[in-house]
Amino acid sequence: MTEIRFHGRGGQGAVIASEILASALFAEGKFVQTFPEFGVERRGAPVQAFLRFDTKPILLRCKVYTPDHIIVLDPVLTKTVNITQGLKPGGWILLNSTQVPNSNQFSKFRLAIIDATGIAIKYRLGAKTAPIVNTAILGAFTKISGLAHLDHIIDGIKEYVPVKLQENIQATKDAYEMVRQI
Amino acid sequence: MRWTIKEKELMYPGHVACPGCGGALAMRLALKALGEKTIVVLPACCWTIIDGPFPMHSLHVPVLHTAFETAAIAATGVKAGLDVRGKKDITVMAWAGDGGTLDIGIQALSGAAERNDDIIYTCYDNEAYMNTGIQRSSATPKGAWTTTTPQQTPKLEPKKNITEIMIAHRIPYVATATLAYPEDLINKYKKAQSIKGTKFLHVYAPCPTGWKMAPDLMIKICRLAVESNIFPIYECENGINYTVNIQPQKKLPVFEYLKLQGRFSHLTQKDIDEIQKSVDFERQLLLKRAAKS
Amino acid sequence: MKWLDKYKVIHPKLEKETDYPHWAISLTSTLLNRTGTWRIFRPLYQDQIPPCNNECPTNEKIQGYCDLVKQAKFAEAYKLILEDNPFPAITGRVCYHPCENSCNRKDYDDAIAIHCVERFIGDWGLKNVALAKPKVKNKKTVAIVGSGPAGMAAAYYLGLEGYQVTIFEKQTKLGGMLRYGIPAYRLPKAVLDTELKKLIKLGMKSKTKCAVGKDITIDYLRKNYDYVIICHGAHKNRPLGVPNDKAKGVISGLEFLSQINSGKKPKIGKKVAVIGGGNTAIDAARSCLRLGLKPMILYRRTRLEMPAVPDEVDACEAEGIRIEFLVAPVKVLATKKGKVTGIELMRMKLGKPDASGRRRPVPVARSNFKIKLNAIITAIGEQVDLSILTPDIQKTEWGVKVDRLGKTNITNVYAIGDCVTGPKTVVEALGAGKRTAFQIIGATEKIISKTDKPVKFTDLNLDYFEHQDKTKIPEISVAARKKNFKEVHTGYNKEMVLKESERCFSCGVCNKCDNCFVLCPDLSVIKDNGEYEFDYDYCKGCGVCAHECPRNAITMIEESKVEEQ
Amino acid sequence: MKKVITGNHAVSYGAQLARTQVISAYPITPQTQVVELLSEFCASGKLKAKFIKVESEHSAMTACIAASLTGVRTFTATSAHGLALMHEMLHWAAGARTPVVMANINRAMGPGWSVWTDQNDSLSQRDTGWIQLYCESNQEVLDTTIQAFKIAEKLLLPVMVILDAFVLSHTSEQVDLPEQSVVDQFLPRFELKTKLDLSHPSAYGGLTNPDHYFEIRYKIQKAHEQALAVIKSVNDEFNELFGRKYGVIEAYRCDDAKVILVTSGTITSTARVVIDTMREQGRKVGLLKQKLFRPTPTEQLREVLFKAQKIAVIDRNISFGHSGVFAQEIKSSLYGLAGAPPVFDYIIGLGGRDVTPDAIYEIIDNTFKTDVPNEPIIWRGVRL
């Protein structure tokens, strides 16, 4: 069983991202389970989403405490939230960032960065001050993790992101190309 | 003068209303107007008892008894069910007392009115919780005695104006009616039946028992209520167009109305003057509204 | 129709658990619940006597026919009138209508113009309703002395039952006072003649120009007829009783009218004084006007005390006839040859009431004065000629002595009308004729006594009546009345009569207004074929029906006082 | 068709596939998605139903009752305070024998405000006459919703389908959405014999005096007594058509178990993992999932539980002044059986506190280690 944790802010689309990824994995024959951090979601506040997938039915119904990978939709969160908590050594950390973080806290893990914000702004996804980066970040994660096919991600976007579909698909594809493994 | 009122009854005698019950007569006349393609919804009120205990029933139309605060929504539910079943020609009427309308039921009523649910809602107003033994409701007029507003401290607050509250919902039809003008009442029910949406009828229905009044004066007190402008007979369409249906010929002092009822026997001349003043004020207000529309 | 017949009632057997529905779904109606046991008082439909009916000397069912007229049921209305009064076209014109004086509506706005409704129906009936034929053959014979209204009424009701009626009339034509006393502008002769046809249709025989007491005797009639009805009226002139009252140019009112009504034009001087305050005086004065004379009326009391019908007095004044009140003749002024030149009068003032209840005129000292005149018509009352009676018939001071039903002291001899009462009205004569006829027929149940408890104004629930002025009574202009005897009142048309009858309160008599039916909270007024019935199985005795009955036709009585049926 | 959907949407799909005719609901976290999706279904015509968007849960339930009495299929969903507000009408629904189906998303009761899961809301409605079915997965939510209509309509009793707030309601997982035609075959059109209709001008639910009321109550109880058999047959029929069965209870690896853990809702799911782990470790432990809470499946519980030496009950609820509700029910079911095993009552996870496999492991382990419960209720995870 693989567990992934998404870190984001309310409104960035972290929950949708987890659902798109789950649907892509489901399309590839996996058993999936995804859920947001339970509670009252507010725009801008830190949020988490969780994803489990496996080749057999998933019975665990508790939160994800020891994720295999981390996806961070907002680089600023690294300063306020202990994003690596419970992360298994060797797991991926995908950061939405233009800069490589100047920190050794990620040394035990595999790190990749993508300017998802830049891509979102380019395609006018979300508001200027609150770009929606989830589709871009998924393109990047697909590339680095190899867990799902880009086509299935795009299928997921078609199902879960009804507005600006082409822009979102293009953002995913751009990120797929642009993601940088550190 | 002869009435042009249908002879066919949709109500049976043997019902369990007190002698001279305004609410009983109101139902009888309303059903004459609406006809047998009608379903009545009754929340807790005098009519819960009047209809007769199981296994008896005093109406020749189906009746759904429901909880106190649910008249409007239960009617909506019945209407929805009938609509889904393709039975769109059935009139659904909620029939609630003043407590069930002005107090505990106002939330559901306001909800139904806001949604403009296709029901007729009748508030038969006897100005107190009569079924439980004459306790004050928000429809009890200022100065009246009830068992919870004893003579030493009769009700201090004026009656809540439910008619205007319902008009403010801008529903297609709101009307007042009373039993001394049965044709007006029947015409209003027929009109309500012809309109789609929420229709609210405020029927002034005396309770001789609770008003400490001789039962044979039941109709007379209705007439006096109208002639003294205590209970004006008017209607309002779409929350805007007011029509005063009965214009009292003579300006009857409220004292003529009050003096027949034991519930007002303790009032002083000063109290009566105050009531007269507020009645006059309300009358002018209504006439202004009617003139503007 | 009782409820149980009208609606099927399911009687469930709720003895064991399986008899119940799965929850509280009713199985039957509240017809099982006899709420009549709650009652302390019970309502009863009990018609009361309306004051109009009560005051009418013929007890016409005025409320009843007004109600039928409201529904435009004119034929039914006509037949209803005929039950009590055979000649509504006559009374509708000449009756002084005491009904209207008692009408409760007068305390509300204005009395119903009952006589106009009656006249309309009377005229309508004459045109549209076939005359009655005798119901049964009857070998009994009746002699009626005098063909005035009393005799006519008796003849009608007896004829209807098949009695062989012969009427004896002194004059050349039938009708008595109706023909010879009432001027044509009030009662056209054609109307009288048409009404009289009813009697002919019923097989009545008549012997005119036959003066009983002269041409034939009462004894003869008693021997040859099963019944004798004396109704020869009061035609005997009463002299003025002042010096020169037999002077040339002094004529009795009745004589004067009789001449006119016989088609003659009385030859009297132009300036005429009519003395008296009754209907004869008014008729005489107004007739004078129509003959082109200059009449005035002299009366010893005031207008308030005048026995004439006020409407007639009004009309008289409207026509420009002066009435001099509070004057009494002292002496007729005449030439030596005995021809009238004027009259000497004396001023009067009103003193204390006399036996009639009217204030007595008292002479004012030294108030004599004179008026120049060419003629004087006396109309100070008529007397009964008692000379035609056989001595064994008991008499009173002024007429024949009878009981309430017209029986004299002699078996099968009756006396009715003015010859009993002295000069009275047409309608009283008609009433007396009818009562005597019913007495002879044996239909005593139809003889109604006047009640002292007619419906009062305060008994009514006025909330059900709107104010409505009396429908104006149409008449020809004053100018058009001069020099002819055209009928003054032209009568209501259909529209007017419907409107006027609608004003009737229908005091005390259920007219199916439906109030009790519509306003019963307990559905205990059953309506079957238009008739109401209380359903005492369910009536809780609230009394709403009685209170809301506009006309006091429902009475509440204590349940404990209801007799077991 | 398999699809990744939330538990809330599983409810919506269930109501849609059941061809619900009248829906009435009022929004409350965490139920909102149920009514949002149903609104979309109605708007798009995918579901031909009348959706009455009322001003309170009390009205929502009333609308369902009233519509149901006209003989149509009705549905609503709520949570916690919404359910509590409905309380009066829950009695009415059962008393009027209306087959209303309702999803309740288990949420803790305030104050303080909590949107997170526990079972106190639904268990507080224990005595209203409703059938209560608790679910552990989104598939079960959907399948139970469809079955609920059939059960309700056969018994003329209202049915509550219950799922945990967030843990199911907001969790997406794959669900096999059945074909409409097969659902139609399973669930034909609803016909109510005596309904509010002009042909039966009767009064429904009028004044019922002591001569008659008692018998009517008796009939409700009789219907509940029939419910076990009806639910079983409905379940069998469902299994035949869809290949999935749930039963009123499920015994998992109980055959030779010395300790049997009793759970309901999503804790069951996590507990299965723990049971498997402990079995691998050679511990003789079994799991009893209580899906049906009302009517109480007494015989079925006895049959499974009587074989164990000890019983550990996990209660995500507390009946104040007594104990966890499920433990009470289990004890009462076993009462009078000679040699009945002792019952350990563990209170855990109130107000949405996460229930981990470790916590469940510890509960079972503790039960093994203790001969008889030292205290009537055992709190787990409470910080004192």
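Residue numbering begins at 1 within each chain, and the chains themselves are lettered A, B, C and D in the order written.
The criterion applied here is as follows: a contact is a pair of C-beta atoms (placed from the backbone, for glycine too) under 8 Å apart; a residue touches a chain by one contact, two chains touch by 3 or more.
No experiment lies behind these values; they were computed from the predicted model shown.
K.L.:
Between C-D and A-D, flag the pair that has more C-beta pairs in contact.
P.N.:
Taking the two pairs in turn, the one with more contacts turns out to be A-D.
K.L.:
What's the distance between the Cα centroids of chain C and chain D, rounded to whole Å?
P.N.:
The mean C-alpha positions of chain C and chain D differ by 90 Å.
K.L.:
Averaged over CA atoms, how far is the centre of chain A from the centre of chain B? Could you give it in whole Å?
P.N.:
Taking the mean C-alpha position of each chain, the two centres sit 62 Å apart.
K.L.:
In angstrom, rounded to a whole number, how far apart do the mean CA points of chain A and chain C lie?
P.N.:
Result: the chain centres lie 111 Å from each other.
K.L.:
Could you state the distance in Å from the CA-based centre of chain A to that of chain D?
P.N.:
About 35 Å separates the centre of chain A from that of chain D.
K.L.:
Hey, what residues on chain C touch two or more of the other chains?
P.N.:
14, 24, 26-27
K.L.:
In chain D, what residues contact two or more other chains?
P.N.:
200, 202-206, 208, 212
K.L.:
By the document's touch definition, which label belongs to this structure's chain graph: line, ring, star, complete, or other?
P.N.:
Per interface graph, the chains form some other shape.
K.L.:
Mind pulling up the chain B residues that touch chain C in the complex?
P.N.:
Within the complex, chain B contacts chain C at residues 1-3, 5, 7, 9, 11-22, 24-25, 28-29, 51-52, 54-58, 60, 65, 179-180, 182, 208, 214-220, 223.
K.L.:
What does chain D use to touch chain B in their complex?
P.N.:
It is residues 21-22, 24, 49-50, 52-56, 58-59, 62-72, 74, 88-89, 92, 196-198, 200-209, 212 of chain D that touch chain B.
K.L.:
What residues on chain D touch chain A, complex-wise?
P.N.:
Spelled out, the residues of chain D in touch with chain A are 2, 4, 29, 115-116, 136, 164-168, 170-174, 266-267, 269-270, 272-273, 352, 354-357.
K.L.:
With touch defined as at the start, can you tell me which chain C residues reach chain D in the complex?
P.N.:
14, 17, 20-27
K.L.:
Taking the touch rule as given, give the residues of chain C at its contact with chain B in the complex, in rising order.
P.N.:
For this pair, the touching residues of chain C are 3, 7, 12, 14, 24, 26-35, 38, 463-465, 512-515, 517-524, 527, 535, 537-538, 540-544, 546-548, 550, 556.
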